[in-house]
Each structure stands twice: as structure tokens, then as C-alpha cells.
Amino acid sequence: MRIKVINPNTSEEMTASIGAIAQCHVAPTTEVVTVCPQKGPVSIESFYDEYLAIPQVLAEVMRDEPQFDAFVLACWGDPGIEAVREITTKPVVGIAEASMYAANAIAPRWSVITTLRRSYHMVEAIVQRTGLGDRCASIRCVDLPVLACEEDPSAIIEGLSQMGLLALKEDGAEALVLGCAGMGGLDEKLSQRLGVPCVDAVAAGVRFAEMLAGMKLQTSKWLTYRSPEPKLRKGMEHPFC
Amino acid sequence: MRIKVINPNTSEEMTASIGAIAQCHVAPTTEVVTVCPQKGPVSIESFYDEYLAIPQVLAEVMRDEPQFDAFVLACWGDPGIEAVREITTKPVVGIAEASMYAANAIAPRWSVITTLRRSYHMVEAIVQRTGLGDRCASIRCVDLPVLACEEDPSAIIEGLSQMGLLALKEDGAEALVLGCAGMGGLDEKLSQRLGVPCVDAVAAGVRFAEMLAGMKLQTSKWLTYRSPEPKLRKGMEHPFC
Amino acid sequence: MRIKVINPNTSEEMTASIGAIAQCHVAPTTEVVTVCPQKGPVSIESFYDEYLAIPQVLAEVMRDEPQFDAFVLACWGDPGIEAVREITTKPVVGIAEASMYAANAIAPRWSVITTLRRSYHMVEAIVQRTGLGDRCASIRCVDLPVLACEEDPSAIIEGLSQMGLLALKEDGAEALVLGCAGMGGLDEKLSQRLGVPCVDAVAAGVRFAEMLAGMKLQTSKWLTYRSPEPKLRKGMEHPFC
Amino acid sequence: MRIKVINPNTSEEMTASIGAIAQCHVAPTTEVVTVCPQKGPVSIESFYDEYLAIPQVLAEVMRDEPQFDAFVLACWGDPGIEAVREITTKPVVGIAEASMYAANAIAPRWSVITTLRRSYHMVEAIVQRTGLGDRCASIRCVDLPVLACEEDPSAIIEGLSQMGLLALKEDGAEALVLGCAGMGGLDEKLSQRLGVPCVDAVAAGVRFAEMLAGMKLQTSKWLTYRSPEPKLRKGMEHPFC
Amino acid sequence: MRIKVINPNTSEEMTASIGAIAQCHVAPTTEVVTVCPQKGPVSIESFYDEYLAIPQVLAEVMRDEPQFDAFVLACWGDPGIEAVREITTKPVVGIAEASMYAANAIAPRWSVITTLRRSYHMVEAIVQRTGLGDRCASIRCVDLPVLACEEDPSAIIEGLSQMGLLALKEDGAEALVLGCAGMGGLDEKLSQRLGVPCVDAVAAGVRFAEMLAGMKLQTSKWLTYRSPEPKLRKGMEHPFC
Amino acid sequence: MRIKVINPNTSEEMTASIGAIAQCHVAPTTEVVTVCPQKGPVSIESFYDEYLAIPQVLAEVMRDEPQFDAFVLACWGDPGIEAVREITTKPVVGIAEASMYAANAIAPRWSVITTLRRSYHMVEAIVQRTGLGDRCASIRCVDLPVLACEEDPSAIIEGLSQMGLLALKEDGAEALVLGCAGMGGLDEKLSQRLGVPCVDAVAAGVRFAEMLAGMKLQTSKWLTYRSPEPKLRKGMEHPFC
């Protein structure tokens, strides 16, 4: 089995970290390729960043789609995931949804802890879109930028501890979801500090993709995720025309 | 007052039609400029189309933002509207939301009638995002492509009549929202046929933008719609760096 | 275009204030007539007040209905609005709904700030009825009576500032809706103090009515808002018999 | 114990029927007084009717409030119930809510069958206000006026049978609520025809009022249902001044 | 009329207390029999306890089902209530649902106060299942075990006062529901301390059962609550085979 | 890794079928043990059956809990899952939830097809409890008993085809979930017939358990799923005392 993990931002350090975690979590017979686009924002912290990144993500999928059995979007906004599902029949997993499914199975309520406060509303939109709003106890923000995950992990772990504790004590959470691909690998330390299970979203994403591909499940082409119509897309190179 | 209306697709015929309707609906003292991007899909019928179009929409806003008092996104998917709200302080109106507000004030429940069946889920996502899911009786699709609005308007009006009648008789709707910018101008004919008010989304969008700008309301910069962070956005020309 | 603005309470000072704001916000070609009933409570702060006021509001509409193109109910409870929609085909706008639509377009979440704490539940019912419960961050009360808006505006603005700040800092609001017709004209001052857009409900109501009437939209007579059945209404003078 | 049952419409036949049912359902030690206002619509079928009737209902409560232990509003719209709860400390029961509680305890989902189709939206509002929207399978209308209950009961029972069967077979209902005070006494016949329990709303209302009064429960005066503020209510005779 | 009240736990003291309250609340012509199983946990504080208790509750119902007109489950988790509804045609009342209906009629929002914090999620599940989530202001826990109700009632009343006050002041509650059968009889004292109505769940349950049985309502056998299919149930003595 | 799969009913044929599917879906290094209780109903089709089965399921978990790394409940009602989560720290997966997560990742909406019509409400309760009500398009029933899966698989596949087609054409589903453990292995055939992905719940459950255990996630013991309190459980042998 071959899984392509796409980091939607252009940070090579973060891509390497994501790749390392992904590698740890797959079966010996699974090959993981982790990439990021050449163009686009180094981190995704606004809708502006997200929308600039998505066409690059689509290009990464289309580049060598037939060579993979599943795709993972390694950003906790699952950016462009509906469009990716249109351009491939393989299963497409967002790390946000996969991490919420994992949390849902081990706790009645869980909280997502993300980076900048401004991303609160983006995270909320993902939770709603996944359909799990009633199970999400709260969204908390450490109020540090995404790249701090690479540059200052001790500040991130400190923020996660503080915000995680508030989520557990005030919001009714009983497990935590690390709401940023850059937080990969911090789950164990946080879990030890707080005494509750913490879900690494990259790990969840890769393993859930392996599960779906192992079951031979494909993205439904019944209606919504059909292949895009052939049409003129002015000034754009693309395979649907 | 100056309002910029952006048609997110690249159909010049549709842009001209949208511009004509917009012109009819503003005060004599309001200047409307209606444009479409040079690059991108000629119609938006899939998430793939939408995501390819959004960076072009953002560029259209940034091109001459200081010269306008409000922006209108003239596609019933309100594509990229959250990002547009990040890059300007002026009010930004999606024709989808404006048309739903109008319908909400004249009927207890209303239905949206859109083009292709595959867009059902995209329309539903907009209704939910706007927060009006409980007031939307149903989403019906004429199952004709967006460009049929320009090329075969009589087929569109026929489809609208049939679907509108079903919405009224079976779904509990008491008014109709024309869920495609290309349907602009068909509201009156449909209303006469069916005996219920029908909302032209382009008209609603332009007038609602005029209302917000007239009230001197600006997009909130408190948190979510703050200006995007300065950062490296590799290989991209953009004003936030 | 002629718009009738009805203040449901019998305070002549408040009616004058409402009329002044309404006048400022319409096009030069629009004529606004602002009235209040002769009978009924001087302010509406309980369900009891509201239900006593509604038959008077209905009488104000029926008095000279053919002479107007739209009606505005200038009380943030939109009192009796469904019945007004039954007795006219013109668009009928409640200032509550209009102000929420405006807020919805400039912020992901907004709060309503109203007068007495006891009105909390009445305000919540309006938000739900309009269908925007998911977008309303909170309802806050300055805990001053409605007439304080006329008699002690500085206390009101102080209360608005305090409650507005709490809404922004604790509840997730990013814009504010002034939830009482008596607060008309305080939006600009509050907006300057707090740094977020604040919506004047009377201004929103009048402009939204102008928008609907300008679009030639009428209240749907498909089912719910049909004219009341002719029938015996003992001891009552009324036009439906 | 003394219970006052108020029929909000002015039909004396219906008041007599309601009184007869109420009398059958109380304990021997309970005295029931059933009244209707002297002024107002003979039936409540529109918001217009409802709002004209409410001040008369309030007057009926205030006339001799100290002499009763509980009040029942005998119209399936629970008209003005929040205001009645403000003007008395005794328990106030709407027959709509009481009948839904009864249905809720004997079936996972139930439907309400009411009279005119135009009342659909009014009935839905009551279901939502009571908080039981998730348990209501559907609202069906026999499309006969309220007074047909007195004048043509066989047409009503026929309509109830047809609509009840549709509710059971198509909507997922497993019990039925008779959604009009005028349908009192038809529950048994309908239940025999359809083989499911049918709830007589008047019976449920009177018995539920007896239950609450027997438990010595009073309407909460903590906030929302406090006594109306003393204030000028121009041209109105009323006890709160 | 004969009502069987089943305390699902095996505490004889609590069964006696429940029986005493039940006796106080029924009509002179009603006979109440209050029992508890011989086997099972002495208190129900976890899902584990609940699931161990349910088969014993079912046996208590089946033991002499024909001799009773209604059944009451006297534990605020309404344990196994759907199954009880399958094995009898008589009305089956859970004290949780009955107490919420009572609270719903006297306050716009109410809170449930229960025993151990770990039961929060169980209580929430009941509120949701009953369909009244929108009317429940909050769930608060005194954090004392169920049996403290018998062994240390003054600690319980102290906890109820503290948590009740928080519910009223911070959560928007305007009435309180005592969320444990063991709290029976504390309603009056708590109501006096806090100045709001407090609902005794056992009293509500018994009276509501009397109401349903008095109306001759039966549990619907249309679909969900049909009698269990005859089938092999290995090693179990039971009447359905 | 060792996973214990528990079939809550006592059908040995079904247990064998479940075991065979489970075996196919795990990694070579994972050992699966599939068991069913000695006592209890041969199929679970009513709440009565479910509640009789749960204590037996709990006993199966407690029998040799330390020897396993994860538990799977192989009945599409996830019976007793909250209690199982209290009595172990290992991850506990219900096949219902796992299959819904899989469907959620490959289609915007999906339907569950189950056996008897009477189970509709039980299935709905699971969907709600998992938190995915908004993503579930419908629940359809083939109206054949559970054991028909073993005894008459061709009737089952016929029913699945018919109901699946209705779900796709009328309800908005774009993928299907086989809502009974006995339907294991029919996914491929159904998928070929209908042209949409169909999720085998047993396969999903086993693979999802492997995923959680592989991530070293444990059931949260923060509050709700703490170990049951030691206490007297009369006449019961059990490890918590």
C-alpha cells in the first residue's frame, strides 16, 4: 500500500516532522510519501492562507494520483478536502476528522487545542463539517503561531498543558485533540502531564487512511464527489478539460 | 458610493448580465463596477472549480480595494468570502446570504433552487454557514449546468417552475431563492407563474451591500477577520508580507 | 416610496427619536412616517406589555395600509410581526431581524445587548425565531429599563460598553447588536469605544425595508401569511369579517 | 382545588364541550370553572386571531385570580401563556404542552394533527417553544376550520383518521396528539380506528394542572415570569400600575 | 388504580423513602406498591451499575404485570425504560422525564442537580433522550454518592443549595429538578432556601403515572415498543419464547 | 497485539462468521479472539434483548481483560459500550461507530440499513449518541430478522439492494453502512450492484480497534469512564467491590 501525505503549507521542517511521524505509524508493508507544495504560505493561519494553499494541494494530488492508494491532508483544517475527493477515487483523509474519530471512541467529550486564537472559527467550521459538534467540548488556543511548533516546542507544550487543563476542568473535556499538524509527537508528553489520552492528528490520519484503503473503500462518486466537469478553465493547466 | 461586484467565474456573458442587474438596483448616486477574473473556470459547479476560482477572486479585491466602499461576490456559493473579509475592512456581501435574508423576511420557510444536482451539498453548506438551516425548507436542482442560464434561459425557467412548484407543494416552502447568479432577472417571470415571491440573488446582494455601506458598517477586525499575518508565501505575489 | 415605521410602545419621546433616525437613513425619494399607538404601555419589557401592545400595532397598520410600500416594527421584540404579515401584502420588517442580518454579514458571531435582564428570554425567542441562534454569541443585558434610553443615555452607553466588552472578551462576539429601539444613535459612540462594528437596529430596519420594497418583494401569501379568515370577532371592529 | 380553564376563543359551544371534558378528568375534590372571553374571535386560526384573543385571556385570568389554584389555556396554541405566567404565581398549563408530554411518555415519536393547513407554522412554533421538536414526527392538518369540530365532527374524525394513518405510515409517528381543543372527546374513537394511543389535549391539560397544583409547584418568579413592572399603560385598565 | 413503583437499586432504606413519598402524592383511590430487586447494586452511579440493574427491573415488572395500571421507574436515569415499555402495554413513567415536564411548565429554563460528578454524562443522556436539551440550563452535581441522601441528608441539602444557587445565578436556570430518587422530600426545604420552585422527581413520577393511567393511555405498540419477539434466550427464564 | 471481539448475541454461527471476517482484516501480527456469551438471546432485536445481553457482554470483557489490547463489540447497537469503557482502560470500539466514521470519510451523507423495522429507533439512538446525526441521510430496514443473515443471505442481499437504492435515490445517501454484524461480508456484492461504497461494520470495527491500540490510546479515565465504585452489588459476583 502506498499513501501520499500532503502538508498543505510550504514549511520543509514541518513536512519532515510530519513525514517522520507518518512513517512510525504505518504497517511495514505500507509506503508513505510525504510532500509539500513548492508554492504557497509557510503556515496556514487564516482563511487567506488556506485558500491560497488549496490549488497547490490539488496539484500535489493530481501529479501522480495513480501511484497511491490513499491521500492524507496533514493540516488540521483539512483544506480543500471536498475538492480532493472530487479528483480521485482513492480514500482521502483529513487529519482533523481522523483525530476526532479517535477521540470520540475514548471519551464522551473532547476538546481541540489549536495555535492562534484567530483560527478558532476555522477549527469550529471543521468540527461542524465533520458533524461532531455535539461531542466537542470546546476549542482552546495556545495563541502561538503554527511555526512555533517547530521553533519553540517547549512553549507549545506549555500552552497545551495550560489550555488542556482548562478544557478538562472547565469545559467538560475528557480527552484532547492536538489541533495542528505541527504538534505531532507532543501527544505522549501532554498525556503524561495531564493524565488523559491526547490524540496526535497526523498519526490518526495516516492510520485511518491505511484502515480505509485496507478495507478497499473508495470515495463515493454517486453525486457530490463526482469528477469535475470538463470545461474551459481559462489560463489554467489541469487534467479536467 | 462605489461597489465592486465580482463574478467569480470567467464567463464574460454572465458578468455582463450580472452587471446589468446590479446597475438596475442601486441608487443613482451609487457607482457599480462589475468584473470577473481573467483566469479560472467559466462556471463554478464543483468544489474543484470553487477552489481554483478563489485566489482569482482575492486578487480582484486586492487590485483596487481602496477605491470601493463595499464588495459583492456574485456566485451563489459565496466563494472565499471569509478570506475576502480578512483582506478588506469594507463590508463584503455574498449574494447567497443576502438573498436568504430577503426570503427570510417575507416567508416562514423558503427553498433554494440551484443548477446541477451535484451542487446540492455545496448549497447546503452555504445555508448552514449562514446559520439559516432551520428556515430553509429544501434545496432543489433544475439539473442544468450554470451556463445554460445564458445559453438556454427558457429551459432554466421551465426547470425553475417545476422545481419551485415541488418546493411549494411538498417541502413547505412559501418563497423561492434563485440559487445561481446566472438566474438573475428570472425572478419576476417565475413569481408570476407560481404566485409566490422569488428572490433575485444578485439584486439582493447589491442592495444589501449598499445598505451596509450606507450604515457605515465595516467588517469586524476583532479576531477572525483580522488582516492575514505577514509571512513568507513562497512564489506568490501578494500584499501581506 | 413610503415607509411606515411603527413604534409599538406609546412613548412619544422614543417615537420622535426613532423617527429622526429613520429619516437619516432613507433615500431622498423615500418618505418615512413614524407613529406610535395612542393606547398601551409606554415601554415593552414583559410578555404582558408585548401582548397588550400588539392589537394596537395591528390597528396602526390597518389604519392606512394602502398608502405605504413597507412597514417597520420599531421594537427589538418584533411584536406581532407574523400577524402584521397576514394583514398586508407589503414587506414587513422587524428591526430585530434586520439588525441581525447586518451583524451576520460583518462578523462570524455577534451578541445582542438589551435592557432589562428579564427580557433575556424574549430576546432569545426572537433570535431563535429568526433562525440565527447558531450565529448569536450571547445576549447581554445592561439591566436598565427601556425608558432610560431617553432619560439617562449616559447610563445606557456605560452599560453597553461594559456588557459589550464582556460579550467580546468572554462570549466570542465580534460585533454587537443594539437590542432596543431606544438605543438608536448610540452605535457610533459604542463602536468607537470598543473598536468593533455596532448595529443600530432602527437604521437597519428602515434600510432593509427600503431594500425589500425596492426589489418589489411582497410578503408571501402562499399559506402561513394568508389574509385572516372572515369570521365573527365579537365586540371588535376590524376589517376581516 | 379549583382550576380555571380558559377557552381563548369566544365560541360558547366549544367552551361547553371543553368544560364537559375537563369535568370528567378531575378528581372529585377538584372544582373546574370553564370560561371564554366575551370579546374576540370565535375561533383562532391565524396569528391575527391569536393576538386579538390574548388580551382577553389575560383579563380572564386577572378577573378572579386569587380564587384559583391553577389555570389551563384550552387552545392548542397556548396563546399568551408566557404573559399569563407573569401575572400569576399559580401553575399555568397550556393544553399543547401537556398533551405533548403525555405523548412523549408512550411513544418514541408522535405527530400532532391540527385543523387548517395555514396553522402548520403556528403549531410548529409551539412544538419548538416547548422544546420537543426532536420528538415530534410531523404536523398534519385535516384542512377543516376549527369550528367544524363542533359543527361537523364526523368530517373531523374522518380527517383525523386519514392524516393519522399517514403520520403513522410515512412520518414515523407511533402516537397521535389531537392538536385542537375542539377535538376533545375524539381520542377514543380515533384510537380504536388506528390502533395507537391518541392524546386528548384538554384532558391532558386539566390533569397536568391538577398534578402541578397538587405538588404545590408555583410558576417561577426568579426572572422571566416576574410580575410586570408598574408603569403607564395608556388608556388601559389593568392591575399593574 | 394500582401503580407499581420500582426502585432499581437494592437499598431498602431508599425504597422505603420512595414509597413514603409516592404514597403521599396519589389519590385516595390509588394503591401504590413500591419495591426493589433482591439482586443488584445498592446504588446506581455508573453505567456498569445501571446495566447490571436493568434485567432485575425487567423481572420486577414481569413478576405481576397484570395486577397494575402503570409503572414508575424511581431512579433519575430511567434505567431500561424502553425495554419496560416493550414488555407491558400499561404506561411506564420514568421519574426523570416526569420531573422535567413539571419544571418545563413553570420556568423557561431549569437545571438538574444530581449526585456524583461522574453521573453528569448519564444525566445529560436522559435529558437528550427525553428531547428537552434546549430547555435544560445546566446539570450540576453535589459530588456526594447516592446513598448520602439517606445517610447524610444535611450534606445533600447543603450541596443542593450551593449548586442550585450557581445554576440560578450563572447558568440561566429559573427552577430546579432534584436529579436523584434519594433526594425525595428535600424539594420544599430547598425551595424555601432559594426562592424558586424545586421539583421532587418521585412525586412527579407517581402523579404523572396516575395522570396517564387516568386518561386510559397505553404504551404504543405500533412499532418500537412492540412485545419482544419469541426466540431462544439461552439459559434465561423469561416470558417471551 | 491481541483484540477480543465480542458478539453480544449467543448465535454460534454468527460468531463464527464475525470471527472469520475479523481475522481477514487484521495485520499478521495481530491476534483476534472472537467469542459470544453462553447465556442470552440468540439475536438482539429489541431493547429487551439488548438489556438482557449486556451483563453477559460485561462478563466476557472482565473474564480475561488483562490479556487483550482492545475490545470490539460486534453488534450494530454497540450494546453496553459505556459500561465496557468503565471496566477497562483499553480502547473499546463499537462496530456501529467505526462503520459510521468510515462512511463519513468517503461520502457527504450515508444511510444505515438494518434488519427489522422495529430496530429503527435503536439505530437512530446510536447514530445520535455517536454524534453523527447530521451526516446520516436515513435509516432503512430490510424488515428481515437478524438471523436471516445466516439463514437466508440471498433475501438479505436483495433487501439491502432495494433499500440501498431508495436511500441513494430518495434520501440523499451517497454511501451505505451495513447496520448489522450479521451482514458482514455482503459489502462487496452490494457495492458492485449499486455502484457506491458499502461499509462492512465488523471489518471497520476490528481495523479501528487496531488503529487505536496501535496509537497507544486508552479509554479516558478522567470522569465518566472511571472504574465503577466499590460497593455492595447484592447477589452478584463481580470484580468491583
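Assorted remarks:
We call the chains A, B, C, D, E and F, going by the order they appear; numbering starts again at 1 in every chain.
The rule we apply is simple: contacts are C-beta pairs under 8 Å (C-beta built on N, C-alpha and C of every residue); 3 or more make two chains touch, one makes a residue touch a chain.
Note that this is a predicted model, so its numbers are computed, not measured.
Put simply, the chain farthest from chain E by mean CA position is B. On residue numbers, the B-C interface is repeated by D-E, which shares over half of its contact pairs, out of the options E-F, D-E or A-B. Chain centres here are Cα averages; for chain D and chain F they lie 44 Å apart.
If you average the CA atoms of chain A and of chain F, the two centres end up 27 Å from each other.
Between the CA-based centres of chain A and chain D the separation comes to 52 Å, rounded to the whole angstrom. Residue numbers of chain A whose C-beta contacts span two or more other chains: 82, 85, 108, 120-121, 223-224. Put simply, chain B touches chain C in their complex at residues 25, 27, 82, 85, 91-93, 97-98, 101-102, 104-108, 130-135, 168, 173-175, 188, 195-197, 199-200, 203-204, 207-208, 210-212, 214-225.
Chain F meets chain E in the complex at residues 10, 38-43, 45-52, 54-55, 58, 80, 82-83, 85-87, 117-118, 120-122, 125, 128-129, 145, 223-224, 226, 228-229, 231-236, 238, 240.
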